[in-house]
Every structure is written in structure tokens, then in C-alpha cells.
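There are two complexes below, and they share subunit A, which is joined by subunit B in the first and by subunit C in the second.
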Partner chain A sequence: MRRLLGILIGLLMLLAIGTAHRLVPDDERRMGSITTSGRLGERMDTGGFTITVEQVEVARRLTVPGLTSTRSLVTEDGVWVVVTATLVEGWEASSYTRTRLVARDGTSYLASARVPSDVQLTSGLLAEPGIPRRGMVVFEIPPDRLAGAVLRVVRGDVGGGRLAPEAVIELGIDESAARRLLDRASTPLELRPVDYG
Partner chain B sequence: MEGELRGGGRRAAGPLGGAAGTRRPARSGRHRRPGRRGDLFYVLGLVVLVPLTVVLEYTLEMRTVRPPMHEAVSVEQGAKVTYAGAVWRLLGARPGEPREDARVPRDAVVYYVGISITPRDRAASRRIESCQVRVVDDEGRTWTSAPFGVPDFERFGNPPTGCYATGEGFSREPIEPGRTQAMVTAFLVPEEAVQALRVQVLVDGAEPRYLEFRPRAGG
Partner chain C sequence: MPPPAPRTLQPGRPAEAPDAARRRLSVLLVVIGLFDLALIVGALAWSGGLRTAPAEKAPLVRLGEGLDTGRFVLTPRRAWTTSRDPLNDSEFADTGRFLTLEMDVRVTADESVDSPRDLQRGLILRLPGGVTIDGTSPRTSELRHGVVLAIDHSPAQVHPGLPRRVLAVYRLPSRQSWPHRVEVTGMRWEYAPGFLVRSRAWQVADTAVGRVVLPVRRGEP
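Moving on to the complex of A and B:
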């Protein structure tokens, strides 16, 4: 009887340890970014930065003006999603290289590395507090991931940014809007370098 | 051989029959369980070793972590202060004239800061070489050096823009010990922030102290 009781208490303790372990918040819950939600055209204040997404365009060919000539960037199986936005840093110079476009099925796309960094609003250049910067964020994605896509702009580099402010922006691309954007995708889009807003 | 077998047979023929053959020999005094004194050593060992391990782990961990810069040494413009083995003085801090030939955004200004530095010895010269200068406002907003091409350092005679001396060409070297060197750096800040700006100087290894200069109005 005592032996059985001992085994029972042991099992209960194991159960308690397992339960306590599950109740401990994981890294994402303890240190994940602090999100603010908004939509296209809305000025969003995340507490750490403000952002206004002005426009979303889709193209299969991009033109990149250079010092001496203009070159083209073509995507064969995918499309270029070009988001134009104005970003104002709140506290200190930061980068936003973790910014991504999240498809409806949860697939995340980082800003394209094929596009020069002086064009990408969220890569390379740092944003200074109180000084608006206007530019584009360019993603290369499969066309069927366009409908329902959401832009997530988060402060900090990849691997950093604990409790970082993050803007989750509904781009308003439902099925019909996605079809309209894809229908117009054959028109090339010209990229412009990041500038002061 | 046979005798040995018979011997075993004799043990089995004891008063308890076969059970007597499996009985363990009596324990000698050397194999007795430790007494209270032995238990006390175990407990004392735990009491000493566990805290010792914790302290050792904490000490080793803290050696790799530098304390944050959280102790400001406030200095008025023009006053001298010793920090990180050098004497520092804020010469001036003010916004520059509007520039037509540079990309300065609307409602923003280029804010110039001049500091004089006199390292006491060679170690200090090397230590301060990678100093960080920044400006902050009352809201805690922090600005680092303005992007290349925005400030006009020619109007100051192209002085060093950091805590170093310039050598031949574009080379930089530590300031000569005992020599006073002026540096000028610049920040791109919103116009509305200028009145509240303070200049901070941070040197690696001088944690937790950093300098905070309060510029005079009008620079």
C-alpha cells in the first residue's frame, strides 16, 4: 500500500512539474514584439515609431535608376509587391530589417535582397528620431500569396529587438483587389531611393 | 574437488535447510552506514558547496557583462572635467546655417558640437580614441552623427570629427598625451528639438559614468 502511494505521489509530482513547465511563458510571449494594428492609409503610432503606408503596387518588372543607366529587375514566377510608406523614428537611430510581408497562410517574406538597399526603406539606412523618411519596401512573392497579405514592420535587426515596437498593417488586399493588382502587374514600376518625407 | 562439493552440501544441511545456504554473511564493522557525524559532513558539504557554486557562477557571468552607462556627470559649457583619463571641455553647440547644397530635410537642422580633449597619458589617448558623442533631448530621443555629406566641416577647417588626431592623408591616430585637441561633430535633428539638446560623451571602459554637457542657449 505504501509503495503504491509512493508511486502515485511521484506521478502527481511529475504531472505538477510538467504543468508548471507548460505554464512558463515562452521567449516569444516574454520578449516578443509589442504590436499595434492598423490599416493602409492610417498613421500608426507604435510608441516607438510612427508609420503611414500610403500605397501598395504590384509589378513583374521593376526599373532601378542608376547614376549612368537604368536597369531592370524581372521576376519570372513571382510578382514584386512594392509598398510605399513614411516612417518616423521615435527614440533613437534604428534599423527595420525584420520587416516582412506575411501571407494568409502564415508564410513570411523579408524585403527582397535583389533590390538596392538605398531603395528599401527598411534596410540599410537608419532612421533618425523625429525626421520622416519616405521610401519603398519591396517584396518578391508568388502571386497566389498576395490576397490577404499583411505588412509587419518591426524595429531592430534580425536576431535582436526584444519587446520591440511592431506595426501590423492590413493592406486591404482581398481576393478581388489581388486580382486587380495582378491584372495591372505587367506595367513596370520605377523604384525611387529613400528620401526625407 | 569432491570434498568442496561435499562441503557445500554440509552448509545446505543446516537447521533451516536450503534457506540457510543463501543467507548473507554478517556485515563487518567497516561496512556500517555512516553515523550522525558522517551525515553532518554531507549536510555541511552541501551548505558550503551550493552557495559557493552560485557565487562562482555569478562572478564569472558578471565578468563578461559590462554595467550600462547610467551615471551622468553633468558639466556646463566651458567648464573642464576629467573623464576616462582625459580633460574635456564643451567649446560650443549650435545649429548651422541652412544649406542649399546638401540634402537637409524640411524642419530639420544640422547641429554642430565642438569639444576640446586633453588626454593625460598614452593609455588614455588610446582609450578615448573610439569615444562616442551623441545628443539627447528631454524626451530621451537620441541622435548619432549626421549622415555623410550633410554637415559642412570645411567652415571649421576640417577638424577631426572624433576623439583622435588626424595624421597624413586620411589616417587617424591617438591624440598626443598632454596635447589639447579640438574636435567637431554634427547631428541631423528636428528644429523643434534644438533648445533641449544635451551633448553626451561615452568611452568604453568608463562605465557606468558618461559625460553630459549642457550647452548655453545660442551656443
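Moving on to the complex of A and C:
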């Protein structure tokens, strides 16, 4: 009887160990970014940086003023989504090159590399602590991915940013708002360099 | 203080003899070990064991058909060679032998392909004369010159739902003559944990998904 009880306890312990092992969160859950949610127009404090998304515009043609001439960027099969925001870094110089627009179906778009980095808020120079940077983040996406899109701004470069602060911002683009934005997309949009202070 | 007791002496041998003998033995063992290692490495090299394993022979697809890598579909279109760096249109462009591979890219994963280098990492190019440019080999990183969008020569970032034509540029090694054909093999990509880092990322697998042979013309079309 005692031997049977021992075997039973042993089996139960093995079962408990197996269950505990399965309950261990995977690396992505343990080391993923720490998100703070908010919406368009709201000042969001992620604990690592603050961000306020001011407006969202859509265009098929962008104009990029340069030192000597103005350049035009056209997308034939997509649209440019231009998000204007102010970002203030919290405590260390950081980059935000993993900023992305996530469509309703989960498809993720990085900020466009066709747009020069000096007019992109989250590309180029590092954000210095305490100095507000106001600028644009530009995405090139298919028009049918616009409705329901969410902006995700996370501190760190591609491949880094473990346990990094991340802002998840609802842009308030429902189906009717998406239609309105797309109707106005034929008007070219001029990009402006990032402002400081 | 009394003088230290003398160490045991052997006739004709200094006092440090046992230490010296041990040292000599250690040196001898190290030499024998290195000799054995060199012998093994030499035998491995002689038998071909140090050469990169040949990639699995992939099915040959017709020119114009896509290679579905699991992350994006690549459709090689044309190839040509130039004697100036096609990625630099200034007068300071490097000269040499450059091979440009024009491809259409359609992303099938649910995220942008941010790094243009990824479009070359999953490709193996075989040229007449035996030169192979394996995208995953660090030794070919200097030969993989870059990938740009054909439309404006900006870095070839490709997004889901927005297929793009790209130009993948290779710098051919000096031993390679002007090629008249190139075989392009596409390797499978998988989203999997790394060897050291457990978080998942896109990596090139060992499996070839297909290969296509293109004629190479001299000069930009």
C-alpha cells in the first residue's frame, strides 16, 4: 500500500512539473515590450517617453522640400499615411526605428524608407531626453489596410528593445473616416522637417 | 635563523630536475596534441570535409515564375553586367564587374521586409566558371553590394500588399569573367528562434525552394 502511494505521489509530482513547465511564458511574452494604450490627440506617458499624436493625413503624392529643389514621391498602388506627432524622450537618447502601423488584420508596416530620414520623426537622429521633437511618420500601405489601423511606437532599433516601452495609439480611423481620408488623397501633401523644442 | 634544509640531490642532476622534466613532458604533450589536431584538420580538408555542403538541388522553374521563399515571392526578370557601380550615379562610382539582377518582390509574410540585404541573403547565385555567391555566407558580404527599388533607387524596403520591382546588385570577384548566364537559387525563410537568442526572427533555412537560370546581357538594358 505504501509503495503504491509512493508511485502515485511520484506520478503526481511528474504531472505537476510538466504542467509548471508548460505554464512558463515564452521568450516573447517575458521579454516583449511594455505597452501603454491611448488614442489620437491624447498625451501618452509610457514610462519611458511621452507621445502625442496630433493628426493623420493620407495622400498619393508627397512633396519633400530640399535645399535646392522640391522632390516628389508618388505611390501608384498604395497611399501615404502621414502621422504628425510630438515625442519627448524620458531619460536616455533613443531611436524609434521599429515604429509601425498595424492594420486591423495584424499586418505590420514599418515607416517608409523612401522618405528622407530628416523629415521622419522616428528615423534619423536619436531623440534626446527632455527635448520635444515634433514631426511626421510616413507609411506606405495599400488603401484597403487603412481602416482600423493602429500606430505602435516602440523605443529601440530593429532586433533590440527587449522590455522596451511602447505606445499603442488608436488613430480613430473607422470605415467612414478611412473613406473620407482616401477621397482627399489626391491632394499632394508637403512634408516638413522635424522641429525641436 | 637556521639555514634551509638542502633538497635531495641526485648525482649529476640539478635540484630542479623533476620540475624541468615535468615541464618538458607538458611541452611534449602540447606538441603532440597540436600535431594530431593539424593531422585531423588536414585529413578533413583533404577529404573535402571543410567545404560548404552543396545546397540541395532545387527544382528548376521557368524564367518569369516566382520562387516562394515563405517570406516573400521573388520573380527574377533580367540580369545584366556593368563596369561601373550601378548604385552610384556620380563620377566617383567604383569601377569593376557588377552584376544586376532585376526581380519582382511580393511579401507574403505579415510584416514589411525592412532590410534590403534580406532580399539577397536568401539567394545563391552560381556563375559559369564556378563562382558561387551564397547569400548566407559572411564571406560574400562584400560581393552583395545592395538592393534598391527600381523606381527610385531608394533602399529596397518592401511592404505586404505592395509588390515592388527591385535591383539586386552584386560585385563580381576579380577571378570571374563577364558571365553570360546566372543560376539563381531561392532558399526558404522561416520565422523561428535563433541558436542563442530564443525570441523568434526571420532566418534562412537550409532548404532550397527553386532555381531559375537567366541569360546575362552585357550593359544596362
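One rule holds in what follows: the second predicted complex is superposed on the first by the 175 of 197 C-alpha atoms of A that agree within 3 Å, B and C clash if a C-alpha of one lies under 4 Å from a C-alpha of the other, contacts with A are read in each partner's own complex, and residues count from 1 in each chain.
The rule we apply is simple: a residue touches a chain if its C-beta (ideal position, glycine included) is under 8 Å from a C-beta of that chain, and two chains touch if they have at least 3 such contacts.
Since this is a predicted model, take the numbers as computed values, not measurements.
S.K.: Considering only the touch criterion stated at the top, classify A:129 as touching first (subunit B), second (subunit C), both, or neither.
M.R.: first
S.K.: Answer with first, second, both or neither: which of subunit B and subunit C does A:83 touch in the superposed model?
M.R.: neither
S.K.: For the three-chain arrangement built by superposition, which of subunit B and subunit C touches the greater number of subunit A residues?
M.R.: Between subunit B and subunit C, C touches the greater number of residues in subunit A.
S.K.: Between subunit B (first) and subunit C (second), which does A:191 come into contact with in this model arrangement: first, second, both, or neither?
M.R.: After superposition on chain A, A:191 lies in contact with neither partner.
S.K.: Answer with first, second, both or neither: which of subunit B and subunit C does A:110 touch in the superposed model?
M.R.: A:110: touches subunit C, not subunit B.
S.K.: Applying the document's definition of touch, where does A:51 land relative to subunit B and subunit C: first, second, both, or neither?
M.R.: neither
S.K.: Per the contact definition in the header, classify A:93: touching subunit B only (first), subunit C only (second), both, or neither.
M.R.: first
S.K.: Jot down the residues of subunit A that show up as touching in both complexes, subunit B in one and subunit C in the other.
M.R.: none
S.K.: Please output the residues of subunit A touching subunit C within their complex, sorted ascending.
M.R.: Spelled out, the residues of subunit A in touch with subunit C are 26-28, 31, 73, 75, 77-78, 100, 105-110, 112-114, 140-142, 144-145, 158-159, 162.
S.K.: Of all residues in subunit A, which touch subunit B in the complex?
M.R.: So the residues of subunit A touching subunit B come out as 90-93, 128-132, 195-197.
S.K.: What does subunit B use to touch subunit A in their complex?
M.R.: Touching subunit A: residues 103, 105-106, 108, 140-144, 188-190, 192-193 of subunit B.
S.K.: Can you tell me which positions in subunit C touch subunit A when the two form their complex?
M.R.: Per the touch definition, subunit C meets subunit A at residues 110-112, 114-115, 149, 152, 154-155, 157, 159-163, 193, 198-201.
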